[in-house]
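Heads up, the next two complexes both have chain A, just with different partners, chain B and then chain C.
Now for the complex of A and B:
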């Protein structure tokens, strides 16, 4: 990921900012610049609630190189209150605690850094509600 | 219209070729095509290469021009990339070049040099980023293995299949590979070994997936009329289908099914005028054990939920009633990504011509290949026949 790419992604990565079509009201996350149903480019920004439930999950035992530092870790599919499903890392949860259907909320966490002196990437993960 | 045929087929062994680079592998597969077949290099007017990630693995792009010029091929040349399905997508492009009349004879080369990256987590990073939604899944920590693990969980709970039934895919493919001299692993594998192997992502272990491998595979596509001028060893390309689904696994309605496979198979079968019961032998995508089970169901070879029990019962072994991955599949024949889709055609070519040796399936007249990128981004299906 480049620094410019990281900058472009700040809003959706940091606070789940989606876009909404002003014509059909469909909400897009990941955000889209153009609604492909209406061919409308007038989309408004909106923050998603950050609340949802866990649809399914697994534990990553063999991470790719960027995430080796935090393995093993949980990933899963989260259904947000707005009905949107996203993939995310699930954190602050014990082996006996994690289960399908459990409520989750947005957490702001480190993703990874490239090299010893590279920029550190942050973004959303999900945790049990505090 | 031109009838398109496969008039020659070959592959290098699939393994970690530390002594060969991407050019060496390509030149050896191309050499074997011209050794086996009574045709001059000058007769090849097209070269289509299927390669998944040569830039990431070897820092070399534009393989079309490179391989053509290095191998004395004065042909129109380019590369097709469709993730893990690149080889089969290249075949489809070559087919359409001949069918349209633009070219007469096209060499299709599947090519991947992986092991110059020696650390597995670095290879995984490339494979994940190519085949998954790079920004919204691979970049936040999902892996292909964890995606397949969630699919396996969904399939197990939907149909009540067992962990042992999933593992039996790898047992079967290793068994089949013991009869394939070009296979990476010619050793049998036991269910217990798979279940006790280091975890990848629960419920899947290291032995539910493939090892890193390098290799090249090549097939020569031409018109039936042209083929008759230099060989009687050819099979027909009867149908082709390609379909896509969302790269983001989170957006799939039902994780236990992969609609792209069903659509690609339906289109290919319709074009060929066959139904799933006509298939005598098939090479399907088994990058993970669970992938083969789902492919067989989406392709209509077994009813939903029945491929696990059928595999456990030995029905998909090379000597079973529905032989699948007689080559050993990606699991045991080996899986150099872009090359694998063409190696599938090499196996079907040998099966339909009756030259598959100890792997030979009786009375094989219709053969099918199926490739998949990621967990359902792209699937490509081809149907081949003896007539």
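Now for the complex of A and C:
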């Protein structure tokens, strides 16, 4: 990912910023500028609640190179209170604890670093509620 | 209108390693070591946790408790000696993550273990002068301890964040006083992985002189005596130093005991004294007066006097108690700890 791409995605990745259509109330995450349902281009920004439940998950035993440092870890589909489904890492959860339907909340974590001198990417992950 | 703390939050990673486990690796008597430093276990950051992630988590809790909107935050200061970047502020990450950008000032601070309280003084000053409506001061560290060094038994990870303003005050600031000298008890050179320290020199001329002098200076400034304080928190490099400083000031141990999170999460450096403040605020009653004294090697201490307000009970409903983090834990062995703290270089 280029630094410019990372910068453009900071709002959704840092605080789950979404957009909501002022005409049909449909919520988009990542944010869209135009509603593809009603073609309305007046969308408002909103931060999603960060509260949801785990729909499904898998354990990543052989991560991509950038994420090798974290392995093994869990990745799941999280359905937020607003109905939005997000794929995300699930952290602070033990093997015997993780199960479909469990409540989760937003966590702010490191994704990966570019070598020893490059930038460090951050963003959302999910964990059991505190 | 007085300034004060409107909201506070802490964050402590859930990994723990016991003092006994560290002692086992180095052939020491773990029970004896634990008793000598009055610390049982310490927190360890996960591979994807650092000073930025801990600061964001603590800031979110503090902001939610405060009732302030993100756009009303006019300053964000993050004090730490373990900022992930030498150049690229932790503070801008926090400001972006809580939605406070772009109309604010932000900066990273460093003064060993007291950079968090230095930020609090700065925000108190700006709010008091009417320059900003509210600000956020954070002290966080993922502390470094060289393998086999005495510091390794205590160097933990965690932080605390405080939203400071003039509205929704849960603890009103009565005054602050600092005591600062050039005392080389602990340092880390640019590019060095681990700090160095002056062993026993970190005691009498460093920690004790500065903490005790700052406490006395504040009381003299405010016309208070130690009996006027109901609760106390000091910097806690271990579980013994703050108790000994309290004894030297004539403070009964029960007034500081509740602040000693160090026994369960280790020394969180820039977070240590203010995690203790948060724990006192978790249980304080309206009207109680709290003494906070930080300590940063090099060396200096910032002392504060707070009076808890009637809003504290309602505000706590929107926060997360420190004990939630103390009790949320999973123990790891030394090998896992070594991996998590980068003490094993894979490539």
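Rule of thumb we're sticking to: the second predicted complex is superposed on the first by the 130 of 130 C-alpha atoms of A that agree within 3 Å, B and C clash if a C-alpha of one lies under 4 Å from a C-alpha of the other, contacts with A are read in each partner's own complex, and residues count from 1 in each chain.
In this section, a contact is a pair of C-beta atoms (placed from the backbone, for glycine too) under 8 Å apart; a residue touches a chain by one contact, two chains touch by 3 or more.
Every value quoted in this text rests on a predicted model; they were computed, and no experiment measured them.
Chemist: One more residue to check, A:111. First (chain B), second (chain C), both or neither?
Modeler: After superposition on chain A, A:111 lies in contact with both partners, chain B and chain C.
Chemist: Once chain A of both complexes is superposed, is A:86 in touch with chain B (first), chain C (second), both, or neither?
Modeler: Touch partner of A:86: chain B, not chain C.
Chemist: Answer with first, second, both or neither: which of chain B and chain C does A:9 touch in the superposed model?
Modeler: Only chain B; A:9 stays clear of chain C.
Chemist: So which bits of chain A does chain B touch that chain C touches too?
Modeler: Chain A residues touching both partners: 70, 111, 125.
Chemist: Looking at the complex, which residues from chain A come into contact with chain C?
Modeler: Where chain A meets chain C, its residues are 10-11, 14-15, 17, 47, 69-70, 91-92, 94, 107-111, 119-120, 122, 125, 130.
Chemist: State the interface residues of chain B toward chain A in the complex, per the touch definition above.
Modeler: Residue positions touching the partner: 119-122, 124-125, 128, 135-143, 145-146, 149-150, 153-154, 198-202, 206, 248-251, 255.
Chemist: What residues of chain C sit close enough to touch chain A in their complex?
Modeler: Interface residues on chain C, with respect to chain A: 14, 46-50, 52-53, 56-57, 60, 84-85, 88, 93, 96-99, 320, 324-325, 328, 330.
Chemist: Show me the residue ranges of chain A that touch chain B in the complex, using the header's touch definition.
Modeler: So the residues of chain A in touch with chain B come to 1, 5, 9, 30, 56-68, 70, 73, 75-78, 85-89, 111, 123-125.
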